[in-house]
Structure formats: C-alpha cells, structure tokens
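Multiple structures are listed underneath, in structure tokens.
Both complexes shown next keep chain A, but they swap its partner, so chain B is in the first and chain C is in the second.
Presenting the complex of A and B:
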C-alpha cells in the first residue's frame, strides 16, 4: 500500500516537472515565432501601399525618404531621384474631405475610381492607400515597390517610431544601448556599495547587528517596483535635476540610481553568503600568521569568495536589465541614441510594457515588440548562464 | 524541532488546498447562478476606464439583472477583443481604424459606434513659464522639433522639453492627427506611461510642455490658451469652451459594439445617454454629448 502511494507521488512529481518544462519551452517557441514574423512584414504598414503618378520616374524609395516625405522634411522629388517638382503627400482619409457629396463611406465601389482620378490629376502626388481600394488597371497610376523589413533595418536602425505612418521605423539600437547603459551604470554604483555592506555584515558586524540588518536589507527586495518608480519620479528626479542643474531630471543616471537601489539586496545577500562560506581554518590561519583583520579580508576572504562576488554582480545586472516599471517611470523613455548619462533613454522592458497594450494584435509593431522580448530573453539567458558557470567554478582556486 | 516545523508546513499546505477548493466551488456555484443574469463585458481604453467603471457601478444598482465587468488594456486591445468576440463593448479613445473595421467586416461583423462623451486635451506647462498662449502652428513646431527654445516664443531662454504619452495610446494618436497635422513627433521625445506621471514631470521641469485630459489639469501646472486660427483668437481650455465648441482640441470617446450584440448592450448604452449617465460624464470632468 505504502509503496503504491509512494509510486503515485513520485509520478506526480515527474509529471509536474515535465509540464513546467514543456510550458517554458512552449513560451519560448511562441516568443520567437511571433517575433521573427517581423522579417516577413513589408516596410509599409500591412494592407497599404504607396502609389504615384506613372509619369513620375521614381520607382523605389527607401524607408527614411518615405517617412521624411510624409513629415514634409523632404519636399521636392529631385531630393530622391525624381524630376524637379514639389511633392504632394496624400493620405487615404483626405478623400472623404475631397468628395463629401459622393458619400464614399457608403458607396465604397466609388473609392478606387476617385483615387485614380486624383492620382492622374497630380503628377507630383504620392498617395498612401489601402490595397483593397487601390486604383486598378489605370494607366496613370504606378505602385511603388516595397521590400520587407530586413534584419539590418531592425538591429542597425537608430530610430524607434513604431506608429509612424506610412512606414513605421523599428530601429532597435537605441533601445538595446539604453538598456545596457542604464543596467551597467546601475551595477557600477551598486557593486562597491553592496560589497561594502557584505563585508561589513560577514566580517565586522556583531551577531545582533547582523540579525537585524540582514532581514532589513532583504526587505528591500520585497518592495514592489512601482513603488520604487514612484519614489524615483517624485524624489530622485527633482534631486538629480536640481543637483546637477539639468533641464530634465528623467535621465539614464536617475534610472541607474533606482536600479542600483533595487539590485542591492541581491548583491549583498549573494556576496555575503559567499564570504561567510570561507572556511574558518583559513581565516584563523591568516590571523595566526599575524595578518590584521583588514589584511585577512583583502587577501584571503575576497579572493576566496571571488566567484560568489562575480555571481552577485551578474545576478544584479540580470535584475537591472529585466526591470520594467521603475525604469519606465524615471528614465523619460526618449528613444534616442544615448550620448551622455544625463539624457533621457528608453529601455527594452519599458518599451514592451508601455506599448504592447495598445498595439493591434498581429501587426508588425506587435511582432517587433515580441522580437524585443526575444532580445531581452537572450541577454538574460547569457547572464544567468554566466552566473551559473562562475559560481560553479572554483571554491578552492589558488588557495 | 525540525519535525514540528515540517508538520506545521504540511498542515498549512492542507489548509491552503482546502481554501483553494472552497474558492473554486464558490466560483462555480456563482457561475451556475449567473445563468439567469445577463453579463456585459466592457474592455479597452484606459482613458475611459474611470467613466465605464463608475457608470457600470451605478447602472448595476439601478438594474440588478445585469452584471457588468470592466477591464482596461488600451483602445487597441478592446477593439481586438471585439473582433475575437471576447468582449461585448469596446471602449476606445480613438476612432476605429480603417483596417480594424475591415478586419471586422471580413469576419462578418459590423461595428456600431456610439459617442458617449467628449474629452478636451489641455496643453500644460510649468507654472513659472511666462508663455501662456500658443497657436497650433507653434505647437506643431514644438512637438515636431523645429522650435526648441522658449525664447523663440517670447519666453525665457530655456530649452523646451516636450513630453508625450506612449506611442500607442489613443491620446498620442489623436494629438498627432489634430495638432501635428499627421506629422511625426520629434525623434526621441520624452514619453510617459500615464497622465499622472506627466503632470508630476511637468510640475518639476521648468521648460516642460505636455498635453493631458482636461480632467487632469491640476494647480501644479499651467494650462495655456490655444489658437487654431493662426493667433486671431486664443481660447482657454475649460468645460464651457469645449461645450460651445470654441476650444479646438476636443476628441470624442467611443463605445463600439457588434451589431449582433446590440440587444445585450442596449440597456447600458441607453443608460449612458440618459440624464443620469450624462451627469456622471460631467462629474468625471468629461464633456457631455448633449
């Protein structure tokens, strides 16, 4: 009887283990499947195309030219390889204002006819229209050829304007750099501080002090990140702004400060555990040889626990890179290439959190956000593998 | 010692299980009861969330035979849910997009639109800013990046820091269409996740400028007068000015429902247009439709 019960329990454990592994694998497959759909999406919004007058000799435009034309930053066809004439950008909605008397909302079959009339009448036009109402079989109308979003557009692009029309720009470089900048700076601030606290707790603090401080520090990890974000926005942002006399307080630096505070508990706990694992015999041997307390810490304990300390740093980076809410609230989220620390940046997690809710499912913007998720996944995976490798290495290296 | 803690743990686990089972049973029971009651699911725009929630609360006290659930997520989410049939009513702070409508029609559905309220967008700056009136052209220049210093607008020598809402929010798109004449925002504009955060940032940044719903304007920021006729008349944002249509930056707030579900949602829509519903609209700082 007992054996049967044990068998059942064992198989239950196996099944739950198997289920969780399968779920994780499925999530990853889903993430990558959605994300890589982006590279088979056209650069112009799905279902839409660009049309010009057939007398215009331009037949292809790159993404930036299209964006700039519709922003009226490029105003002459000669700037993108055409004849010397002004560009007239035309958006689909304008047709309802041009022909109010036709009641086009209800007479949809009239739309393509009207559109081809407009394009025929304006040799300098570029029209952004849904393919469904595209003017067909018209001698006067030419469709611009559109390529798909390429890997270099995505990874090499420097502009993130996902809702720009007609051509959304998915340049992910500023987001990746922003994420790395904020996280690495956070770790540079948190690591010395965290190590100091860890040394104090493991070597210098009295047992009573330690019993009080350790839970307090671990409590820091329990504060919801929104609260950190709110604290950052209301307290840290004005301090940074006034203290450094900047025009804006929401900067990469402010984000790093908040992330540093958030990464501290991880760093302190892991590093302190590593230091306390130093065998007592080693400590005593060092002191017996006449080394001072500080020399023991510096020459014996830190080298012995080096792997634990590096693991703490790596885990801290991991915490910082994946952090969403706090960063979303204090970094200002401007998607520009970071050139200084005192400038607003946008991170990958903040982008996903802020944009996914309002994105039409299945659109190229949606896919781009999933691809950002893949990038984040790969970065954090590399980090956890590194942490694993480092903490497995050694324990008796060199000593 | 160790054994007692283990024992305690198992007891706790057992208790937990019991509680979970009880909750499941209660929910199942509740579902069973609900079959007589009809339910309306509302989903979508976060801007409209307070309005729908309040209206649903009030409505359920009036008519207890209908249960209403309200969830946010964003205008896009609401309309996508309408397409999938996972909501009865989609709340949206922007007009349904042409391709969303096409998708619905492809699925054999037809979206019916109801404008239940209007929302005026106020342009706010730091209270110390001496520029207190702007034309649409100037706003376009500020948000598309051609005007970068307040001194170009007759103010102090101070860098302009424009704040926008997140790229996919309905407010962001409405502002782009109405004020920026469909041009893109300047690359790398500061964007904040919520209106509250925008107010906070503007109140502590000297050169800041941003747009928020009229209901959010607080004493910690300054609302500027706006002109849509190149500076001939400037109008201050207020409920009266929005109502008499002299204030130009006003957007409609929509409910969309599928034609087939019209019967289900009709009582709630009727309530929204009733006197009580419109009173609620006014109380929350929006502009009534009548």
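Presenting the complex of A and C:
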C-alpha cells in the first residue's frame, strides 16, 4: 500500500515537471495558431464585400486603392485602372438616408433589392456592404474579388490602421521601428550608467556600501512597471516637455528614459557579476607590472568581462523590448513611422495592450495583435538565446 | 595625461554614478510615498471608489489583488515546487533535464504581455472561463512558474548531499528522505521564493489586462468566475483614463503607494528571511 502511494506521489512529480516544460510549447501553439489566421483573412473586413456596377471594367482593387477611395483621396476610376469617371463611394448606412428606415426595418428582404437598384442606377458606384444583404442574382451588379492579407502587407506595410473601414491596414513597420528605437536608445542611455555603477560596486565600493547598494538595486528591479509608468507620466513627461520645449512630452525619448531606469538593475547585476569573476591573479599581475587601479580596470578587467557585459546589454534590450505598461503610459502611442526621437511613437507591446481589449475574438484585428505577440515572442527568444550563448562564453573563460 | 589624475577623474565619476542610482531609487520611492501618504486613510483602504473614481477608496482593488495572489500561488507553487523536486531529485542529469531547464529558462524571458495574450486565448476563449479570477490567476501563475522553479531548485541544491545519503543509509525510501530531510532543510529558501513570487504577481499589469481586470467594479467577487479590479490595473486606469485626471491624481498616488508597499514588504521579508536562515544554517 505504502509503495503504491509513493509511486503515485513520485509520478506526480514527473507530471509537474512535464507540465512546466510544455507550457512554452502551449504558448507557441496558441500564439501562432491565432496569429497566422490573419494570412487567411480577406483584406476587407470579415462578412463584408465590395460591389460595383457591372459595366465598370475594374475587377480587382488593391488594399491601398480601396482605403483611399473611401478616404476620398482617390476620386476617379481612371486612377485605379477604370474608365474616366468620378468614384461614388457608398456605405451600407447610406441606404437609410435614401429610403425610409421603418420600411426596411420591417421588411428586411427588401434591403438587397433596394441595394441592387442603387448600384444599377450608378455606374460609378463602389458599395461596401454586408454579405448577408448582398444584392443577389442581379446582372447589373458585380462583386469585386478580394484577396487575402499577404505577408508583405503585414511586414512591409507602413500604416497601422486596424479599425479603418472598409480595409483595415495592418502594416507593422512603424510598430517594429518604434519598439527598436525606444529600446535601443534606452540601452544607449542605460549601458554607460550601468557599467559605471557595476565598476563602482565591484572595484571601488567598501563592503558596507555594497551591502547597502545591492538590495537597493534589487528593490529598483522589484518596483512594478505600472508604477514606473506613473512616475514617468507625472515627473518625466513634464520635464521632457519643458526642458526640450516640445508641444507634448510623451515622446520616444521619454519612453527610453523610463526604460533605461528599468533596465539598469539587470545591467548592473549581470555586469558586476562578470567583473567580480575576473581571476585575482590577473588583477595582481597587472598591478604588479605597475599599472594603476584604473588602468587595471579598463585594460584587464573590462576586456576580460567583455562577454558578460555584452550579455548584460542584450538582456537589458530584451527587458526593454517586452516592457508594456511603462511605455504605454509615456510614449503617446501614435502609430506612425518614427522620424525623430522627440515625437510620439508606439511599440509592439503597447499596441497589444491598448487595442486587444476592444477587439472581438477571431476578427482580423485580433489575429493581427496575436501576430504582433508572435513577433515579440520570436525577438525575445532570439535575445535570450544570444545572451545565453554569450554568457556561456564568459563562463568557459573562467575555467 | 598623468595616470594618477586620470584614475582620480574616473573614480570620481564612478562614485557619482553609484550615488545617482541610489538617489534615483529614493527619488521614485520618495515621490510616491510623499504624495501618497496623505491620501492613505482607513477609509481609503476600506471603501469602494465613487464619483467616477475621483473619490472614495480602493478596497475592491485590494481584495482583487489578494484574490489573484492567492489564486496564482495555489496553482504555481505546488506545480513549481514539484517540478523542481523532479528535476533536482529524480531526473538525474540527462538530456531531459537539460531540455526542461532550457524550456523554463526561456519561459522566464517571455514578455508579460505575451502571457496575457496566451491567457486570453487559452483560458478566456478556448476553455471558456471568460474574464475571471481563475483565468487571471492561471495566467499569472504561469508567469511566475519559472521563478518558483528556479528558487526551489536552488534551495534543494543548497541541501548538503550528506543529508540525503545519511537518510537513505538509515533505510528511508527516497520519498521519505525528500519529505522528512530535504524539504525541511530547504523550506526557508523555498519560502523566500514564494514571497518573491507574490511580490512579482501583485505588481504585474499586462497579463491581467485581458484575463481578469475590471475597469470599475465596486462589488466584491463572489466566485472564481467573477471579474475583479486589481491594484496595478487600477493605477493605470486612474492615471491615464479617468474622467477627471486632475481630481483622480490623489487616488493614483494612494494606489501606487499601496502597491509599492506590498511589493517592497515582500522584498524586505524575503531578504530578512534569507539573512535569518542564512545565519541559522551556518551556526548549526
């Protein structure tokens, strides 16, 4: 009996181990399953189609043309391969302006008939209609063929307008560039600072000072990111705005500042560990040759711990790229191609956090956000593996 | 340049940088504490928000955060400790263990927003829990799982090998050895890990955005399938999207202070435990 109980408990251990290690697989499966659905979604909003008069020669339009037609930036059919006539965009709601709403409400089968009348009467029309009210078997109406969202639409697109109708634009370039801009600038700020503190801690500080500073830095790492965000919003944003004389303080630069503060503890801890692991004999040899302490630090210790320091930088970038709340609160979140440091940008995590709440599950916007999650996942995976490889190098040196 | 002079300059810079870091921490803490302390009152801690979150307290958010801490720990703690026992005591040092270590290591580098996406996809939508305490707790539990596993593994490794062989030599089975000898010796360090995970869980916002957090919900939860408010999300809401930002600032400071107090308390507790038991182990 006792044997059996022991066996059961031991197999519980095994099962727990198995569960913990497949979590990451589950994450990959669910993320990618939801995300890659985007590439089998049509470019036009799901459940809707575009209809034109059958006398119009145009049979296909690309995403940008459709968007700009409904933006009224393109106003003539000749601009997208048709005859020379003005474009008349028509949205479903407009039917209620042409016909009394009560009639249509009570008599829903009337809607498709009315719609096909409208399209037949206007040779220059392009109508954006729900498929369930689609004008049926009418010879006057033709449905534009719609292709699916392609990989190049997503990765090459420069416009992120997920709620624009009829064609949401999921161009991820501004978000990727925004993320990289903010995180890399953050590391450029944090690395020299962090390195300086690491040198101070490992080489200069007294034992008492170290005992005080190590937990202090740990505390800095423990503060929740939303508190950093709040701090950034209330303190840094006004400082940046006034100090640099900008119209708004919520810029890429502000985001980098707050991310730099958040990445500091990681950088300091990892770099300091690497420096303290420099063998005593190397220090002593350098000092014995007449080098000063400072010469020893920058000629011996820093080169020796170079890979540890690079691991610190890489880990810092990893933390900065994935950071959500603080960035969301201080960068202003304008999804445009970044052209300057002092303009509002939007990062990938901030986009997910800001938009997913209002997105119905299964829509193409939802899938696009999951695909952003996949990108984030892949980037951080690459970074964590890189850091591991680099710090292994450091480790091997110690042997 | 004179090498003594350059050393002096460099060292002064490093000392200043060290000072800057300490000042930075005190600036952030001081800012929150100074502004938050006047808001904190018994009433603030025990009443629900009123008037579009510009008045009243944060009681529902505190309760919500406590629910999430409890829920995620009930899930992550046993799972993490048991899988650490498996990798450390049973699995030896083969490829499986290496594989598992790589997996959990990488898990800890995944951004928390990705956990939020995953939690939404699996718990909220696929399993149909909806936005609920259980979905949020499971998501947060997965987030701290690597932390629990790593601290437990370290705790188990710190138990001298002789304890195990001694127990086994006395005729105890492996499981008895683990239960009666290894776990009691490792318990202080495992507890430290638990406390650190609580600190981490209570401050995370991104994973609960889509799995549990409610914008405004003065009612307390009655089951694990209810939504709740939570402190970090509440801070985000009152700081950025309240109806009247100026009027809700004090609420934001108060919320931030309570949040930081929980997190710092957990960190200090973990440090104190580490120190206390560290001494105890050495002297015995």
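What we mean here is this: the second predicted complex is superposed on the first by the 377 of 399 C-alpha atoms of A that agree within 3 Å, B and C clash if a C-alpha of one lies under 4 Å from a C-alpha of the other, contacts with A are read in each partner's own complex, and residues count from 1 in each chain.
Here is the rule we go by: a contact is a pair of C-beta atoms (placed from the backbone, for glycine too) under 8 Å apart; a residue touches a chain by one contact, two chains touch by 3 or more.
Just so we're clear, the structure is a prediction, and the values are computed from it rather than from any experiment.
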{"item": "Touched partner set for A:329, first chain B, second chain C, both or neither", "value": "both"}
{"item": "First, second, both or neither for A:193, with chain B first and chain C second", "value": "second"}
{"item": "First (chain B), second (chain C), both or neither touched by A:117", "value": "neither"}
{"item": "Partner chain(s) touched by A:383 [first = chain B, second = chain C, both, neither]", "value": "second"}
{"item": "Which of chain B and chain C A:373 touches, first, second, both or neither", "value": "second"}
{"item": "Most chain A residues touched (candidates chain B, chain C)", "value": "C"}
{"item": "Chain B versus chain C as contact partner of A:130, first or second or both or neither", "value": "first"}
{"item": "Chain B versus chain C as contact partner of A:361, first or second or both or neither", "value": "both"}
{"item": "Partner chain in contact with A:143 - chain B first, chain C second, else both or neither", "value": "neither"}
{"item": "Partner chain(s) touched by A:227 [first = chain B, second = chain C, both, neither]", "value": "second"}
{"item": "Shared chain A contacts, counted only where both chain B and chain C touch the same residue", "value": "233-234, 329, 353, 357, 361"}
{"item": "Complex contacts: residues of chain B adjacent to chain A", "value": "46, 72-77, 79-80, 97-100, 102, 144, 158-159, 161, 166-170, 172-173, 182-185, 187-193, 197, 200-201, 204-208"}
{"item": "List of chain A residues in touch with chain C within their complex", "value": "6, 9-10, 12-14, 16-17, 19-27, 30-31, 33-34, 193, 196-197, 199-201, 203-205, 209, 213, 215-220, 222-231, 233-235, 261, 264, 268, 292-295, 297-298, 318, 321-325, 329, 349, 352-353, 356-357, 361, 369-370, 373, 376-377, 380-381, 383-385, 388"}
{"item": "Chain B contact footprint on chain A (complex, rising order)", "value": "46-48, 67, 70-72, 91-93, 130, 132, 159, 161-165, 174, 233-234, 237-238, 241, 247-250, 328-329, 332-336, 344, 346, 350, 353-355, 357-361, 365"}
{"item": "Chain A-facing residues of chain C, complex", "value": "3-4, 6-7, 10-11, 13-15, 17-18, 20-22, 24-25, 28, 31-32, 78-80, 82-83, 85-87, 89-91, 99-100, 103-107, 109-118, 120-122, 125-126, 142, 145, 149, 173-175, 199-200, 202-206, 209-210, 232-233, 235-236, 239-240, 249, 252, 256, 259-260, 263-264, 266-267, 271"}
